[in-house]
């Protein structure tokens, strides 16, 4: 054990001295997180629906139009403010984002409804209307549809000879009908990271695949530069060299990932949740990533080949795992993508940030350790071209 | 000019013979354009709703209504729906309990369960589904209003159907005046992704290539070129031209490949190549500067890749500049990427011509002049020091 | 485990030999890289493996140092069987690989301490020994500098110093002078000579004939994986019929000088070609002093003495039909 530690310590000392590990494992990912966070920050959607403002241009004395507005204000669970303005102002407010949307109800809206000739309402979505804009559009559509349904009912009733005096009541009945279908709210466990959280987790996962290379893949470099024969001539088992390289990868991975999660969390105000659970996730993803390096180290003939193979695998797993943007695949492809340790890591952090503990992350942790075992076995089976003399 | 061409050609050959470049230069950019294009132009599966329940009139009506609201709807079993909602892959799950179809057919009051995902997307989807359900029951409300007044149901339904035929329904039309949405209206699925990747990779490939400059310096290739009967200026020019050739090669490859594979419209080809050339000149100069300032190849490729990614991220090489906040957009224009992005946007989407992109080209050329001068000066100094 | 018990039948002082290599073979696919190689090295002896590039020298050394497994045959170091999975016997060897097997980011002292720890050394013992070696290789004043900033010669010296650190019974040097400037080369050869004098057994591979002649007590000529011939330099040369010659030019009583010289045991034959005396001699370098004394004592006044020795180059050419360096 003393010799393994000696080799591990010497390796760590050298990696820190040549600074490349610091650049690749810490500086670049933090810089990228910063930049990408700035970008999504500009477009970020909050965790709650905000207050909505409707700049409405409504014809004077049109009861139906007034009905639309009062229906709008009466929607439960949403905070909607209606400002009555003229048409130009409604357009301008929508365009510059003063109002969430602009609403233009034309002259003759009520008459059109009652005559059955129809009269279209216009919704203007402007800068940053976002989700709130979509919600308002959908609500307004629902209201107008209701008025249209009332028109159909009164027309049908008229045709059937219902007295004109009752028609008003029929319209009233339709527009205010008690719902025959109601919605109850169910709850699903929250397993999602915020946008910033996903960014931090993704970049940490992606760059981990580079960081762990600084341990195991130095085997190929040592063979190229000639220090491997000397190490193998020392009075110790050859496996000691492999173990120490694995240990270097593992330690660098743990330290770098921890720094990235902590620094990223502080910089972008992300809380990843339960500390023991997050620690377990870091441990598992670093194990999975390190196991992959042993395959590369054995298959690659030179240090250069090893670095290329590593970069390719890192960016492929990183992108497929959702390091830059989530890939929303379902079915078989979705299951396949789930087996990627980067994806499992991000998912696990989603569960912990949603309040999950160690027991809740069993799935992702098993995927990562399973990955490590399978890849570890593969690394024993592939022809050894890179780490033997 | 012949020595310059010889050095430049040798640099391009070196680049092409390096097998490590096959993936990063040829395959990887296409992969990213595809993935980005699929998420950017796709149906936004993330906002979708998963409907759970046996098939029947209610489910069909709900799905039709939801789809008419421009929502992406997919069937799922309950576990899958809940998992996708938990993971944010679906905005909500709509669960139709067992027996609800019969109850609906009988006209009974029914209850559906909605499971929104956490955050605003879930709240928004909940509201959309509520609207859909409400719209769905309007027909029932109309029927109810008539039958309440003593009209037999079959007669009432016939009269309602007839009335629907007569009445022109009032509709809501949506006018989108959002700058971002307008900027991208009529843009192909892959166009924006292709521009971003072009900028990202041209710069990244150039910067990462600075390590070969260091190698050449260390192995004395540059010193030897100085000893050949050519002026030192020609050697430096050759090196610069070599970097530039690599940048142009990468850029042209992405332009041609995305045109052929993804049918990307780059606008006027001559103007597009002109923008690429100006941008490539900046990239070549930056590579010269990096290759002469840093002595260690590993550090140079580390800094090169890091800087290449960060500048690209800031300058619209990862996400469209249009979604940036105003301040950030201003900041973004310290990068050459942002200027080239604007120029491409002008000719691709805004139908701009030579006159429209002159300012951007001017800025790019000025940037190129500065980094090329600094890079050449610094390289000359480092070679002279080592001689 | 063939060959495990065959120490009894040895003819040369087997018990004392630091290294006993017996019937060592190794294939790489179809290529027989090393084919039934056997040799021994006694304490204080320097044994040279002389052969061209690709002859099997490095593969032999890799098996001797326990880096790779042998397909057949055994290696014993200080009586212990060497194999990649047996760490114990490796304590007795110090390997100096052909490449510069040092860590550029570590200082000279850090490199020495690192490999010393791997050898199982520690504490004051390691500290003291590191200082000794630093002085021995002349890097004591640069001990704290990163080795990447060293000159080529300094790196070579550090490379050898690491092999000496734990005072092994057997020092293995694999082509230590390849690509080294003449001055550094001489200093390397001198230090090997010093070590040998101090009682260390040395296994030295080279394709430089001059180095083998200068350093090695015995030489194995290796080509296409086989030891083609083995012995002292003189034995090898005699094997191929070559002899040393000394030419004495001068005036005076030549007849008396011829008679006197013929009495010497090292002198086989003396001819007179009119201008000078031509002697056929065993071991010309050691015998020349006495020959000169005798000749002048017998009344000859010497104008010129010239020694001509057949070299290993010609031996190699004769044994393998090809030149040593190509």
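Think of it as A, B and C in the order they're written, each chain with its own count starting at 1.
Note that in this section a residue touches a chain if its C-beta (ideal position, glycine included) is under 8 Å from a C-beta of that chain, and two chains touch if they have at least 3 such contacts.
All of these numbers come straight from a predicted model, not from anything done at the bench.
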Open item on the list: Farthest chain from chain A, going by the mean of C-alpha atoms per chain?
Closed with: C
TODO: Please work out which of A-C and A-B is bridged by more C-beta pairs in contact, and write that pair.
DONE: A-B
Open item on the list: Just the number, please: Cα centre separation of chain A and chain C in whole Å.
Closed with: 67
Open item on the list: Report the inter-centroid distance (CA atoms only) between chain A and chain B in whole Å.
Closed with: 16
Open item on the list: Please output the residue numbers of chain B that touch at least 2 other chains, ranges allowed.
Closed with: none
Open item on the list: Counting only residues that touch at least two other chains, what does the list for chain A look like?
Closed with: 18
TODO: Over in the complex, which chain B residues touch chain A? Could you list them?
DONE: 19-20, 23-24, 28, 31-32, 35-36, 39, 45-46, 69, 74, 80, 82, 84-89, 93, 95, 104, 107, 109-121, 123-124, 126-131, 133-142, 144-146, 148-149, 151, 155-156, 159-160, 162-164, 166-181, 296, 298-299, 302-303, 305-306, 309-310, 313-314, 318-319, 323-325, 328
Task: chain A-touching residues of chain C, taken from the complex the two chains share - done: 62, 65-68, 84-85, 87-91, 93, 95, 97-103, 105-106, 110, 114-115, 117-120, 146, 162
Open item on the list: If we count contacts the way the header does, which residues on chain A are in touch with chain B in the complex?
Closed with: 18-20, 23-24, 27-28, 31-32, 35-36, 38-43, 45-49, 77-78, 91, 94-95, 109, 112-113, 116-129, 131-132, 134-135, 137-142, 144-153, 155-157, 159-160, 162, 166, 170, 173-174, 177, 179-192, 194, 304, 307-308, 311-312, 315, 319, 324-328, 330, 347, 350, 354
Open item on the list: Which stretch or stretches of chain A touch chain C in the complex?
Closed with: 2-3, 6-7, 10, 13-14, 17-18, 225-227, 229-238, 388-389
